[in-house]
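Here's the structure, in structure tokens; my notes come after.
Just so it is clear, A, B, C, D, E and F label the chains in written order, and each chain counts residues from 1 on its own.
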Amino acid sequence: MTDLVTFGESMLRFSPPDQDRLERVDQLDVHVAGAESNVAVAANRLGLDATWLSKLPDSSLGRRVIGELGTHGVDVAVVRDDDHRMGTYYVEFGGRPRGTDVIYDRADSAVTTAETAELDTDLVADADLFHTTGITPALSDTLLSTTADLLELARDAGTTTVFDVNYRSKLWPPAEACETLEALFPHVDVLMVAERDARDVLDRAGDAESLARGLDADFGFEVVLVTRGGEGSLALADGDVHEQGVFEADDHDTVGTGDAFIGGFLARHHDDGSVPESLAYGAATASLKRTVPGDIAVVTPEEVESVLAEGEGSGISR
Amino acid sequence: MTDLVTFGESMLRFSPPDQDRLERVDQLDVHVAGAESNVAVAANRLGLDATWLSKLPDSSLGRRVIGELGTHGVDVAVVRDDDHRMGTYYVEFGGRPRGTDVIYDRADSAVTTAETAELDTDLVADADLFHTTGITPALSDTLLSTTADLLELARDAGTTTVFDVNYRSKLWPPAEACETLEALFPHVDVLMVAERDARDVLDRAGDAESLARGLDADFGFEVVLVTRGGEGSLALADGDVHEQGVFEADDHDTVGTGDAFIGGFLARHHDDGSVPESLAYGAATASLKRTVPGDIAVVTPEEVESVLAEGEGSGISR
Amino acid sequence: MTDLVTFGESMLRFSPPDQDRLERVDQLDVHVAGAESNVAVAANRLGLDATWLSKLPDSSLGRRVIGELGTHGVDVAVVRDDDHRMGTYYVEFGGRPRGTDVIYDRADSAVTTAETAELDTDLVADADLFHTTGITPALSDTLLSTTADLLELARDAGTTTVFDVNYRSKLWPPAEACETLEALFPHVDVLMVAERDARDVLDRAGDAESLARGLDADFGFEVVLVTRGGEGSLALADGDVHEQGVFEADDHDTVGTGDAFIGGFLARHHDDGSVPESLAYGAATASLKRTVPGDIAVVTPEEVESVLAEGEGSGISR
Amino acid sequence: MTDLVTFGESMLRFSPPDQDRLERVDQLDVHVAGAESNVAVAANRLGLDATWLSKLPDSSLGRRVIGELGTHGVDVAVVRDDDHRMGTYYVEFGGRPRGTDVIYDRADSAVTTAETAELDTDLVADADLFHTTGITPALSDTLLSTTADLLELARDAGTTTVFDVNYRSKLWPPAEACETLEALFPHVDVLMVAERDARDVLDRAGDAESLARGLDADFGFEVVLVTRGGEGSLALADGDVHEQGVFEADDHDTVGTGDAFIGGFLARHHDDGSVPESLAYGAATASLKRTVPGDIAVVTPEEVESVLAEGEGSGISR
Amino acid sequence: MTDLVTFGESMLRFSPPDQDRLERVDQLDVHVAGAESNVAVAANRLGLDATWLSKLPDSSLGRRVIGELGTHGVDVAVVRDDDHRMGTYYVEFGGRPRGTDVIYDRADSAVTTAETAELDTDLVADADLFHTTGITPALSDTLLSTTADLLELARDAGTTTVFDVNYRSKLWPPAEACETLEALFPHVDVLMVAERDARDVLDRAGDAESLARGLDADFGFEVVLVTRGGEGSLALADGDVHEQGVFEADDHDTVGTGDAFIGGFLARHHDDGSVPESLAYGAATASLKRTVPGDIAVVTPEEVESVLAEGEGSGISR
Amino acid sequence: MTDLVTFGESMLRFSPPDQDRLERVDQLDVHVAGAESNVAVAANRLGLDATWLSKLPDSSLGRRVIGELGTHGVDVAVVRDDDHRMGTYYVEFGGRPRGTDVIYDRADSAVTTAETAELDTDLVADADLFHTTGITPALSDTLLSTTADLLELARDAGTTTVFDVNYRSKLWPPAEACETLEALFPHVDVLMVAERDARDVLDRAGDAESLARGLDADFGFEVVLVTRGGEGSLALADGDVHEQGVFEADDHDTVGTGDAFIGGFLARHHDDGSVPESLAYGAATASLKRTVPGDIAVVTPEEVESVLAEGEGSGISR
């Protein structure tokens, strides 16, 4: 039996080395990236037994993804598909004022055709936790339907459902996202949402606490997690609000910070951590992630605990 | 006025360095690749004034292609498109017995939507030569129609039309290719075809000369070029057959050899070279190409002439 | 007809990767660099039709420069020369307190022999703008004479002349530079000068505005641009002074900042931008340049406008 | 239940890129290498369910090995150890006449302390196949004893034991190896030995067949496999001798060829392949391995079958 | 005759490029590293005639070290050994909060067997300065004995002895270090110690000045240097205390900062610099080191003097 | 006292990695190269005590050369010069039929101004051997005069003079070379000449032996070495002719083969090797060189002896 099943798309991420420009690049760094597989890796590395559920092309590109997850010990329950493509995305890191530019090339990827019937739904039913994000239902009508099925099925089986809003403006407009997501929320136990998305997508107002309380009032979540970028995060659980700051980091690659956060939170919470302990654990995991190239939180429990103990690495240990 | 207009798709080509495997690669070499842009580059570098006609996404990826062609002095007449993707392909060089593995990811690329009306057809009408390949009509129904329009339009304007069969089994089955291509042949002046494709796709029999004579008999070409891999090439023109061997090369990257060949042939032929002279020029260009990383023939007229004079580079010149 | 012609030297720039030291380097990054070609690229990318006028060795090294400019769409009008060398320079980026070390190796380069008679002067006469810098006349007596000829010729033809003082202490002493440059100023319409050079080379005193007004009083420029490093820039035009701050940037490679600034300024000014608008446009271009490896401002109009709109890239767009 | 358990050491392999020399290298390529883990990877990729049994330091270096095996889907049953080091080796590829130079730095590695009692011996007892090599008992007295225990235990449990002589002159002298190995042979079902080692280490004479028959006569193996380098291989089973040639390969990295061979042989043989079929399958796997950087056979069943069908990759498939 | 002899271990240092993680690295940067050889290089580059005394394996790995020192002009007096290994260490640079992780793999290296009798002790006796650190006696009992011999021998010969406490917690516990080092101090003329080590290892209290005065009172040193990280350093000589701040640096690689400091101090002091001048020279050398990849201070006297004159590199010199 | 002094120019060599083209390269590999320093390195590595005499710019580029020679243990006796440049050359390896393209950029390098009076001529007088090549007098009139002085001075002091004709067509025409070199030959004891140069430059006829005998008859050398590319080499000494074949090599970089040959020859001959032994030693050194990137023979005496013993490396030693 697995502790955590995550469901979504994983892509090949292509990025020019050394802050160079996509428009003249001769080499690209390749990473494996996807919100739900990122969460599976972070949680698995931090102690959960995690499985990633998805669909991939039956090619060396699909194997690139499977191999990466295997490196981190994540089990994969993947349908192989001869007819659809591997999703990819390009990211160019420009620093200020260029910013970070993302070009998605994920349309018609294999996972967009994943139907409930072809997936190993027993895994979801048998797991303690099921996680997906707002990216998945945005990718295709099929995936919207499958996402709804899996959330419902998990809920029915007593599996705790975790949903990260994770709004992507390049995938759908806010109003459509809001309507779709709110239809899924009744099947969600743990909701994670960026403060900005709560305002701009879910169309709510107030400070972070009000946003959490409002969502909870409307949908009755077990936990609502609100992430606030550099200002930290907040959890509403059992009517209590817990706040958590960020741990300072020398940013190397900030993509995947939120996935590391929820991965860390779930790992600690599943291991009987209290909500504040789990929040802190998530925040420490997130800060470590920011130092690691790629979307994936290549971190260890010892490192997370060291951040919690000291706040930051104290020079060189030798 | 331009000497040569070529029309087709150009892609980003991704290949693992150092004979490594796609399924575990952390870096990819990036090249710009496309049969018709390859021909434009080779011909332009060897003296023609060439323009590449196409459609590209309006993104840094599209600019990567335009920049590459600009490096080689090729003019681009490109429609920019916000809604479609950049075609890509992956190639893994394995040597014997692994072979070379190609994964196309070109479906729904911008160029597949290129309609005649949006292209600068005056360029085609004003050119001396118009070149495209059997890849272009295979990419979409729209492109098949556009290809037919451009060939017809070129013919009507007195522009010599050059067509390279260039069969790709990953794009369409032989029978469909044969039917489609034979419908285009009446508008073609110079036909280039691999001996193998003449047999397996165009469904003809006999030795290389018979193949050429048979095609000529059926469609009445000005020139028929038959390429025969390591065994050289053959041209049928004005009823005469000319044969040409290959120049030995230390192969570094053999993709694009045929494009270099036709680019060299056209450059010399346009410059009043006889058919045998042009064949030799094409063969020398092709052999140089095989030493250069990427699909593009980064060669100079001096180098081609040196191959023709000596057969091969005679050690170090210092 | 071209909008802008620039005239000067372009070099190969060699720099050790990753802050390493020239004295032990096993690999060098190669960029194409030269104040006037940098300006041509920046202006061309931002909307002008630019041509670079120069002289280069007839070798693969000369082609490296031509290819780079072609990548960015700049036309080249270059005399090829079999007898002289390619100019190069080495730059080592050390950070504080090592600083940035430059070793020029440009003596006797092909361009130092460029005489007026061998250049395509019609291009200059037909252009709207002609740009060169104080580096060019410092390179050889021949180039001093040619520079003077071209400025005069441009003025006579009604082409607006733009001159960036760009003092290089490794090329000549301040007094010689001052005397030479002041003899050219009567043919200059738009003068750009660093505040420091106005003091140390042109031997003037006062604050930036006084420097601009003093130069204007003596030579009667259309516009005087004074750049002030981290403190921004200032333009004097029609008796009015306009000031402009800098946009914050995460510096990756600051070489070429001034060239990006004037390239951006000219692009906007030629497109009917007011002096303050053009100053801001130049400053935004310059800040983007600082994030890009190499001397060349690989930027787009959209990026410049985004900086003007927001001041800086607001995180990740996805 | 697992099909195959292999037991031995895995090391980090450091090699200079691009045929450079260790004595001046500034970068090293890192691979994971070890005869028994190589076999586990090859077999697992080709269809067996394989587990690698070993002991590793509890460090990021140990995780490097575990992650690599996870990439290829191999399960690891590894004791973690805080007190011993990670074994490494350096290899410099020189080509002729420099040859390939190996420097082992594996003394006192964690695995040298692996005692039977701390290992998960149930895995061995429950497996169909158990594999180790003559390297393992050469590494320490502890390992010799553990190897003997595991072979005996496997035999008693009905697990087929596979032993590759794999003599390493840098680890022990031939006479000591011979005495030690012959004491293990009574517990071995499938013996693999290089013709050269059969002569120089096991001190036998005659042609390959005689060597096989002699060994069989003395120890009563189920199968004796004799590898003969470029001359192919031979199997003696049930009194019959089967010979197999090699498939031509463009060698990129020949380390690990023997491990790929036995991994391929076992995968096919376990899947009810006859001895000749399994020999051919092993030979095809080995030839593919030679094209792949590193010690590990990153190959697929489809590729092996393609080699068997065609002998070699037939150009580019596109 | 040599000015300075240093005695200790030099290792190969392996570090992942670009802040990546050891546990998934495919390439490692290689540097040569060792406190005493670092000091020899810094001092030699800054004007002393330095020799490094040690023992190395007789292999390409040993030659890697000798070649590196030769690059910087340091003489080596090294015993070659066929039987022991090359010491190595791994360092992963994580930034905050990951910190910098060091894994030593130096046990049983050749130098740990270095006995006084096999070393060229005349070099020590004839030198002006002899330098070693607290690392050397921690590596083996043999090295403790040899270190004691060399310090005594140097003192008897009138060679000034320099000892840097350089405590490494991964090598020995504080109490053992304290007892061992205090037994060596009577033979030491110049003592260097980090303020933290004076407290935690030498078990002393008070501010930096008190620590220096206390050590001087107990052992009667010529000079006591106390380094205080970002707060600078302090020297006690002839009863006077001199303080020195740090020069700001853009840190690229901070390993080896202390060795650069003492190397710079000794170079200036030997050249008749006063203690305050030498302190400043050491601090400038240390700040430059922090900008250079690797452990070694690849700096020049001109650069050190420029830091002393200006505090930091003033932009680009061109 | 030194065994061997060599005199000539050393350059930085820039080459595109991976067979790429100079005209589009973004990175260049850097090596140190020069016939006479190559010989010093080869000879020093093989047992001679060698010193390189030259003049270099006083810059980080000059230090790059000095550091490289120090890596190999060669002493340098170099005049530093603030006013002249570092010589460089570019080499592009194309394979057949592209060949290897060399672009020299060595005019006006510091060494071209080296006058006898500024060099440490005592080193030459005290050495056993003095070596230079026909490149040195071709570089400038000053160097021609200095070369003549040094040869004469060496002869007068009893130092054996070694001269390698080493004709470079890019430096001077054959007739000028012939006249100049023949004027130097009376001061030469050991002459080395390529068979091709003996014909085309020294304008002689006949087979290799006749060429040697003819040169000896005219100038009375102690030894005449004639190199014949792939056909081996020949020595005429004391009236006897000795022939030597080549050892097969997997060519990686063939530049510097001749320098490795003479370096090996001199090392063995100085160590009392007979002429045939020394020829074989030179040939083995040359074959090893061809496997090493760069111009320099990074080889060991053990490797040379292994080639002599076996002809080639026999697989992997492990």
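FYI, contacts are C-beta pairs under 8 Å (C-beta built on N, C-alpha and C of every residue); 3 or more make two chains touch, one makes a residue touch a chain.
Nothing here was measured: the structure is a model prediction, and the numbers come from that model.
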Exercise for the section: Give me the chains shared as neighbours by subunit B and subunit E. Expected result: A, C, D, F
Completion exercise
The chains touching both subunit A and subunit D are B, E
Handout entry: Starting at subunit C, fewest touch steps before arriving at subunit D
Key = 2
Problem - Most distant chain from subunit D, judged by the mean position of its C-alpha atoms - result: C
Handout entry: Per Cα centroids, the chain farthest from subunit A
Key = F
Practice task
Note whether the interface between subunit D and subunit E is symmetric in residue numbering, meaning over half of all numbers used appear on both sides, and answer same or different.
Solution key: same
Handout entry: Centre-to-centre distance between subunit F and subunit E (centres being mean Cα positions), rounded to whole Å
Key = 40
Problem - Rounded Å distance, subunit B centre to subunit D centre (Cα mean) - result: 46
Exercise for the section: For subunit C, jot down the residues that touch at least 2 other chains. Expected result: 17, 21, 23-24, 26, 67, 71, 101
Practice task
Kindly provide every pair of chains that touch.
Solution key: A-B, A-C, A-D, A-E, B-C, B-D, B-F, C-E, C-F, D-E, D-F, E-F
Completion exercise
Within their complex, subunit D touches subunit F through residues 18-21, 23-24, 91, 94-102, 104, 168-170, 254-255
Problem - For the subunit E and subunit C complex, residues of the former touching the latter - result: 17, 71, 247-250, 252, 284, 287-288, 291-293, 298, 303, 306-307, 310-318
Problem - In the complex, subunit F residues that touch subunit C - result: 14, 17, 21-30, 59-61, 63-64, 67, 85-86, 88, 90, 92, 101, 103, 105, 107-108
Handout entry: Complex contact set, residues of subunit F against subunit E
Key = 66-68, 70-73
